[in-house]
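Sharing a structure below in structure tokens format, with a few things to ask.
Think of it as A, B, C, D, E and F in the order they're written, each chain with its own count starting at 1.
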């Protein structure tokens, strides 16, 4: 597995365990809701992941972008759709989004080359 | 037509005309890109409007929310999909999004009752 | 009751009813969590309301500011503590917070004069 | 004087008086710094007002935009420079800035027609 | 002392010295206000640090979070109160806050293990 | 050339090439607009770079700050003007801007020592 992908997932999973072990009700329920919200419903999983991706990108959260890129990749979203989503994010969010676009491209490459 | 919908569209269209009459190259091109970005491509129009909606909602821009709600409505997106999109926005963006959720529901109602 | 306070609460309560009637699981649970998070725990209610107030102020959400001002007022938080909280918010969030400070002062006045 | 301009300035000045009468040290000093920061220094007043305008616009603060538009107008900044500044703000901040652009154009018009 | 804590404080203190040596009046006064705002007043130091923490967290500023975690730790704020504050921040600011929550937990651990 | 400056520019340029090679129309045009918007017009290049700098700073985008610091440096903007711009950004954006101020000073130093 790509070093970039592995490092992100290892840290994420190690710290999530610590946070959840703490048993704060509010935080635990928000983590639960997160799993729920991206399950298939009136919208399918792929569309929901792209919604998560565009929201994460305009809010300029690198870790959230990585997370939704990876989930999109695993759900089989084609690169063209990911790129159109990032294009919409850059237009809505402005050039301030571009540094995150660079890291998004790098992470997507890492996802593709790791297989 | 609902007063809320009419007022929003009249002001928006009057001021857009003023802005574009000014012939600033940067601003005109951004307006053009906006039309382009939401046309069908690797993603269809309905999905793109929901991407615009979730981005507008987490960025807490009431006018942008209204615009994408109306475009979604005209494109035939069912309410269930709009609500799931708003749910994802509220989870990602937090309770700070709720006041915008209220106005989004009010505007969607106005769209539905105006027909 | 002050017109400003009444209008805010009437609209808020009318639209919350509409939103909750819609039965979207994510949104309903976030509304529930909101009630939970501000109940007494390791921190008392007054402190939690001030936490909600400072967060709402730096995020520049007028309706959220009104909500936490009113909850603080009802919980008996003295004005001096509210003002110190708003001062910290203005320092952390910058002068961009000042327009919200004006509306916060106006709403607090409305709360005090309505009794 | 234009109703839009008068209303903005009256409310702003009434509430500033209330806030300053409260004698919170942090808030009073931030108000003072604000006057200081926009006085001529290594940069002249016109340039500083445009810096204030672009910052207010990307942060999407309507009242701050109005304030810096008015100060720019009084300092004699030509409309072409104001529009180029708003163009840069729209590019950096994205289409999410456009609703504020509309209100900025409306306020500038009000400033010009009031003389 | 923990490497994470030492590195943060060393860089912070080295760069603050550089910034203050520059003698820009606005910046120096803002640094001064920062010290003032968190001193005991109508609210005690512990409460003020939690206000600083929740504001820093919803604004997603890692360095500011570290700073207020450390000040809270030194002021003797118990972990339960820190965690409740982070829970409120996550609810208000949304899941976009979670990556900062991970780093906050890591820093708090570093503070506890360094003693 | 300073390591800090070289590393930033190398990564930026490598990833920009990747992004542009992808031929997404929206993203390519936004990149083009970016070059256009900062060319001399009603405002000169130096003023426009300071507008870009203050906007990047209040939006807390380190890479954007670096980019505009470097463009300002190459355009011959004196340090006093850069610092006044950063002062205005810190006042408008609040103390949350300070961590970015530290990195801005570090990058400016790197630009000056590399010559």
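Here, a contact is a pair of C-beta atoms (placed from the backbone, for glycine too) under 8 Å apart; a residue touches a chain by one contact, two chains touch by 3 or more.
Because the structure is predicted, anything quoted here is derived from the model rather than measured.
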(request) Provide the labels of all chains in contact with chain C and in contact with chain D. (result) A, B, E, F
(message) By the touch criterion stated at the start, how many steps lie between chain B and chain D on the shortest route?
(response) 1
(message) Which of C-D, B-D or A-D has the same interface as B-E, meaning more than half of the contact pairs match by residue number?
(response) A-D
(request) Consider the two chain pairs A-F and A-C; indicate the one with the greater count of contacting C-beta pairs. (result) A-F
(message) Quick check: superposing chain A onto chain E on C-alpha atoms, how many degrees is the rotation, to the nearest 5?
(response) 120
(message) Averaging over Cα atoms per chain, report the distance between chain B and chain C in Å.
(response) 27
(request) Between chain C and chain E, tell me the centre distance in angstrom, where each centre is the average of that chain's C-alpha atoms. (result) 23
(message) Suppose each chain is reduced to the average of its Cα coordinates; what separation in Å results between chain C and chain F?
(response) 37
(request) Indicate the residues of chain A shared as contacts by at least two other chains. (result) 25-26, 30, 33-34, 37, 55-56, 58-59, 64, 83-84, 87-88, 90-93, 95-96
(request) May I ask you to sort the chain touch graph into line, ring, star, complete or other? (result) complete
(request) In the complex, go through chain C and note every residue touching chain F. (result) 58, 90-97
(request) Give every residue of chain B touching chain C within the complex, in rising order. (result) 60, 83-84, 86-88, 90-91, 95-96, 98-99, 101-103, 105-106, 109
(request) Quick one: which bits of chain C touch chain E in the complex? Just the residue numbers, please. (result) 30, 33-34, 37-38, 41-43, 47-48, 50-52, 54-56, 58-59, 64, 78, 80-81, 83-85, 87-89, 91-93
(request) Note which residues of chain E are touching chain D in the complex, please. (result) 25-26, 29-30, 33, 36-37
(request) Please give the residue numbers of chain E that touch chain F in the complex, ascending. (result) 11-12, 15-16, 18-19, 22, 24-27, 30-31, 34, 55-56, 59, 61-64
